[in-house]
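Contents: one structure, followed by commentary.
Residue numbering begins at 1 within each chain, and the chains themselves are lettered A, B, C, D and E in the order written.
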């Protein structure tokens, strides 16, 4: 070892780079990307995005919902939205209650996330979700109307003093791993909340049961990537009832 | 057992009542009780029926039924929700039901509650119950009201748990509030004024609890004396209770006694019609008061000192918004929607179609009421003297914020009105104001 | 090994000699390691998912190969068996996959939201699913039966419940099923 | 500072604009109260005009119902229901809160007496098959689900019958389906026996859509007024209609 | 110990305090996910705990130990007071504040994203700010070491930099540069989203940036341990460092090769090309070189000591080693665990074999053998060795000390070996609960139970360590002995120039980083479609 160590080291490293380079960018690609030309293979090895010809787009048989959920989907409510929403929402009061709290086993909308309400309205309008009255009601709503109604209901206070009773059932706190059922609470608010998942506390039991059953039977199918259908169809009727009862505070 | 006590009481004549009054004077309020008190008020000598009758009258004057009856509920059975910034409270059942009502109460209990704002168990009452006003009620009147309440149909309606947020659900915290805003003590006639004035004062300050709405409510949910009757926004309901002082611009300064009496009795007058929460007051309470009492109230109100309720200049909405375009727009809307009833020069066709020109409701600093009238419309309450009221339709669903802002602005500045312009934002926020309290 | 140093220079030489020997051993080790990698790479053509392919994670459900009706197992134009899957908090869609035994199966999977893991226990199928990128993996199952398939990357509080199944069936059975319907799954 | 200029500008514009109006009003600026309004029911029910039309004939709005020439008993019941909160629609609940029954009778009678042409029925977007289902339900009902035919109570011409059963003509599909849904959910009540609640409970989603859709497309018959009491026997007892 | 006694004590004190708490969390995690405990009612608590455990053990604890040790080395080997003591204290408090901030946020459940962050999962901004503070504080340390070395050079022109200091500074440079990756990720990817300026993250790019830090950070943890091998063990067992030059070489090789290999953590990720992966693979193979050098040198100097103590035979000399000496014992344990860990590492670095165990419990086993096993046991040794000089107190019974080390070693083995096995069964890591009743998973159950036991031993050992130190404080003060590190056997006055400075090696480090990370980062940065909406956690509260 002497003062040329530095030089030697540099040379050695360069040599290694070359070896690695040759193996990684010339030799292996020839094998792994044999379907591509030299430069294409080289690009693939580098990680330049390219699509694998064999797997092109396929015909779209049916889609669940045409809403694309992003954080920008609804800007934070402008006061103007809330006001117009309030006037538009007058005709929703018969089922959803004057303060967004239903006496008719319709979902409570007070304090529901705006994105959730907006998406459902969009789906009602586009027919992705069907309901005798809601389809009718949503038909004439413009996109702005729907945002405003959503913002209005989101602005209302949730049912005061509502308490969940009893211990959460297994399906709510653990789900059922081996059936790929995640805990309800991991998306719907007990444990954590994910974008566009509705807040379920205090929703009417009958409504929750009906919707879960509809998901399970594919009657309702406006959940993106079948997220709820997949879960609901793995839930037992008992689990469905337990979850519904729990969130309705009747557990 | 209490029942028997009170029934015996009822069987006793007025003398007994007088004795009882005397007793409790001795008991607690000697220093507060004016010597002339009993004679200053009716009912020193009366039969049980008369007492109950008078009790009913006073209960109406106090408008007990308004809060102690829920929409589809039985009279006085309670359960009426009262939303506050601190949570929702539910009025209790005050029918003579032994379990849930005041069946087990004595006249003492009742007076004590009314007078000191303590529940029967000694804990504090939330000031949604206007005991700071009711404390002014005399023992005699309290007993009469109690007798009357004992005479109504008992309803076994359980009381509903209040939905107050922490920490407001702790009644003992009210101590601070009471220190600030509650001054216990019956009404003390002012010798500088005649009986009529004092009677009016007794009703306005006491049972009428006018100040509860017409005195601004501050952040702590209390009325400040220095702002007494100068008007204020009613929290949650989002109606503006106008000033009742003798102030020329905002108050009753320009109203004649007759106009005030007519307004309170009929719910509609040459000056305008009642609307919003006041409809309820007229419908359930004021229309039943005697001419003498209404006149007395009018006299007292007319005499309230002005609090010069003109807003500080800085607070005015910028006149910059007041463009010709807005006024033209407002004028167009007015012609299309309002003129047919309120006429081109805004003089209206009172009492059915109230005047808009020179009308405090229109001009007052807060534009809440005129905006809400346009948004929600309204019918004057049906009363003995106004059995077939006229009404104004809601425009919320056919006019945009801009339309409404323009037309309200137009009305507020036309025909010599000197109100301030309103913004579309104001209109918009009021769209979500609750229609039913 | 060396005997301890008597005199500095000799011991210095000794130690230097030993060090050099040792250095050679070391490099031999390293070269061997590389050799393994290269050999397996070339002769089994076994490489990790290395074709970078991007996809819009927000619009998977609207069009393209990951739209709902395309998920599951299918025979693609080339006659290859291909499984399309989407992972989302907290499930795989479909959550039960049918594959034939003994023939190469291509997995095409991606995530609709966060990073998920894709592992078929007892096989060398092991890949990350990163939103915005398509993971492709080719493998051949040996032996029919059911394999479990957990999400092996933390993807949120529901992670522990994110499991799917792979059902390996005899080729014949599979072809039978495939004739009946285009896309297969055991959901 | 910068706003000062536009402000003054705005003010001067205002004055310019107010000058004529000022003359229109009193020279003093204070207008003297006008004469009392006409003492007619028409003048009194203008509170209903923006939603139901000045005489109850309905409006362009795709939701609010026409109330002109509905049976007086029916209208009275609804006014009462709204006041008592048996029907929830805040604007209605609010407007009627402090009015009494005697006045309701007058109002009901006024609208009942209005004879006004019906608006063009709406053109339905529903497929003919669905409309056919709707018509069948209206004319024959659905024996399977024990749904009586609408015509059974509301009359062969769907004009309703005095005093309590409303006609179904001239309503918007949205309004009808909303009402049926409410009946079913029990948020709209009637005096018991609440026959519409019974009927609506037996209807499926699809049937509601179909019925509402078909009814809304029906033109008014030659005689659109409710039939005289007892013109036909109603299949099931209804609290709002004396038998 | 010059002017840094209290400074070093503060670093060690806070480091091991945090360590003790995180240790308990770790064991709690083992228990709740084992068959011995029912499923957690709120799985979020588990991930909360994992986040806290990882953040403390990964960022706070080793950083503070390295910092404290580094200051000590600087003053001892350069034989002069620390320049910039006040700044050093500021740096310390930055780390403390950062830790507390992060800890509070994590404890409140607003940042259960695990210490590896996992965007597009995004927690509360304050958590990331806390972590960033920790890193920045440690950067101040890097600068201070450089400054002190420069100051010393100025006064001793042309003199050979003491070996220990050389290694020390090499380690600090390694950290200074390797931390850049995570800082880039936090500053440009996560914080803007956490603060709400932006709502989308490129998870792929984030993972690449994190891998930049993810592997080299382990070598940063490792360096104090290696320094101890070279410069504490020989002195402690009455031997000498075998070869100065070899030693320096080992450290500079870490400097060069630790960095450009992080992508071997992403072998199974879809956003990096196979060529790049191969390059990282190659250099990963290279990074075994310094380790092998070290093993050789240390073994050699141990042999030296043994033979001087009359050890004979090809391997017989091993018996002659001073096993009663905790340092000897610690190093031996460390080597064993390093050996197992290293062997496992070879499997991870070969991507065909990696694919069978990637992200399984095996990985947890692997890095627990390396870090809490081989490395932390050396941290114990370091603290034991420095303690008299720091605290001015002699340690209590050495037997107790040895027991502590034994417990740690045995505990770690029982903890990690079953993990490796579970990994081969395919058990994923980081599961709040695990359905052992499922026939497919039932066989894994015993492994977790075993780990619970191992964990328990580890916890006992950890607290025993704390106890030993605290109890020593009750003993009477002694004059702190002058502390020294071991010197080389052949103390030649000069070393190859390259090994007396860092220029060449830093140059290589930057170049290799550029070569191995430049393209992927540049490439991923310009793909727009791969930015996906952030998934904010903590919505449950």
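Keep this in mind: a contact is a pair of C-beta atoms (placed from the backbone, for glycine too) under 8 Å apart; a residue touches a chain by one contact, two chains touch by 3 or more.
What you see is a predicted model, and the numbers here were worked out from it, not measured in a lab.
Trainee: So if I look at the partners of subunit C and the partners of subunit D, which chains show up in both lists?
Mentor: Of all the chains present, those in contact with both subunit C and subunit D are A.
Trainee: Can you name the chains that touch subunit B as well as subunit D?
Mentor: The common neighbours are A.
Trainee: With contacts counted as C-beta pairs, which pair of chains has the highest total?
Mentor: Answer by contact count: the chains C-E.
Trainee: Return the chain label for which the distance between chain Cα mean and whole-protein Cα mean is smallest.
Mentor: A
Trainee: As a quick test, compute the distance in whole Å between the mean CA positions of subunit A and subunit C.
Mentor: From the centre of subunit A to the centre of subunit C is 26 Å.
Trainee: Which whole number of Å gives the spacing of the CA centres of subunit C and subunit E?
Mentor: Each chain's C-alpha centroid was found; their separation is 28 Å.
Trainee: How many angstrom between the C-alpha centroids of subunit D and subunit A?
Mentor: Distance between chain centres: 40 Å.
Trainee: In angstrom, rounded to a whole number, how far apart do the mean CA points of subunit B and subunit C lie?
Mentor: About 75 Å, centre to centre.
Trainee: Could you pull out the residues of subunit B that touch at least 2 other chains?
Mentor: Touching at least two other chains: 396-397, 434-436.
Trainee: What residues in subunit C touch two or more of the other chains?
Mentor: 34, 41, 47, 50-54, 58, 89, 113, 136, 148, 156-158, 160
Trainee: Give the residues of subunit D that touch two or more other chains, as numbers and ranges in rising order.
Mentor: Each of 90-91, 93 in subunit D touches at least two other chains.
Trainee: Judged by the touch rule stated earlier, which pairs of chains are there in contact?
Mentor: Pairs flagged as touching, ordered by label: A-B, A-C, A-D, A-E, B-D, C-E.
Trainee: Across the complex, what residues on subunit D touch subunit A?
Mentor: Subunit D residues touching subunit A: 62-63, 87-91, 93, 173-174, 177-178, 180-182, 185-188, 205-206, 208-209, 212.
Trainee: Given the complex with subunit C, which residues does subunit A contribute to the contact?
Mentor: Interface residues on the subunit A side: 19, 23, 27-28, 31-33, 44-45, 47-52, 54-58, 60-66, 68-70, 174-178, 180-183, 186-187, 191-192, 194, 224-227, 230-231, 233-234.
Trainee: For the complex, which residues does subunit C have touching subunit E?
Mentor: 1-5, 8, 11-12, 15, 18-19, 22-23, 25-27, 29-30, 33-34, 36-37, 40-41, 44, 46-58, 89, 113-115, 117, 119, 121-122, 124-136, 146, 148, 150-160
Trainee: Which of the residues in subunit A come into contact with subunit B in the complex?
Mentor: Residue positions touching the partner: 79-80, 82-87, 90, 98-99, 152, 155, 160-161.
Trainee: Taking the touch rule as given, give the residues of subunit B at its contact with subunit D in the complex, in rising order.
Mentor: Spelled out, the residues of subunit B in touch with subunit D are 71-72, 270, 279-280, 282-283, 318-324, 327-328, 341, 343-353, 355, 357-358, 376-379, 381-382, 387-398, 413-416, 434-436.
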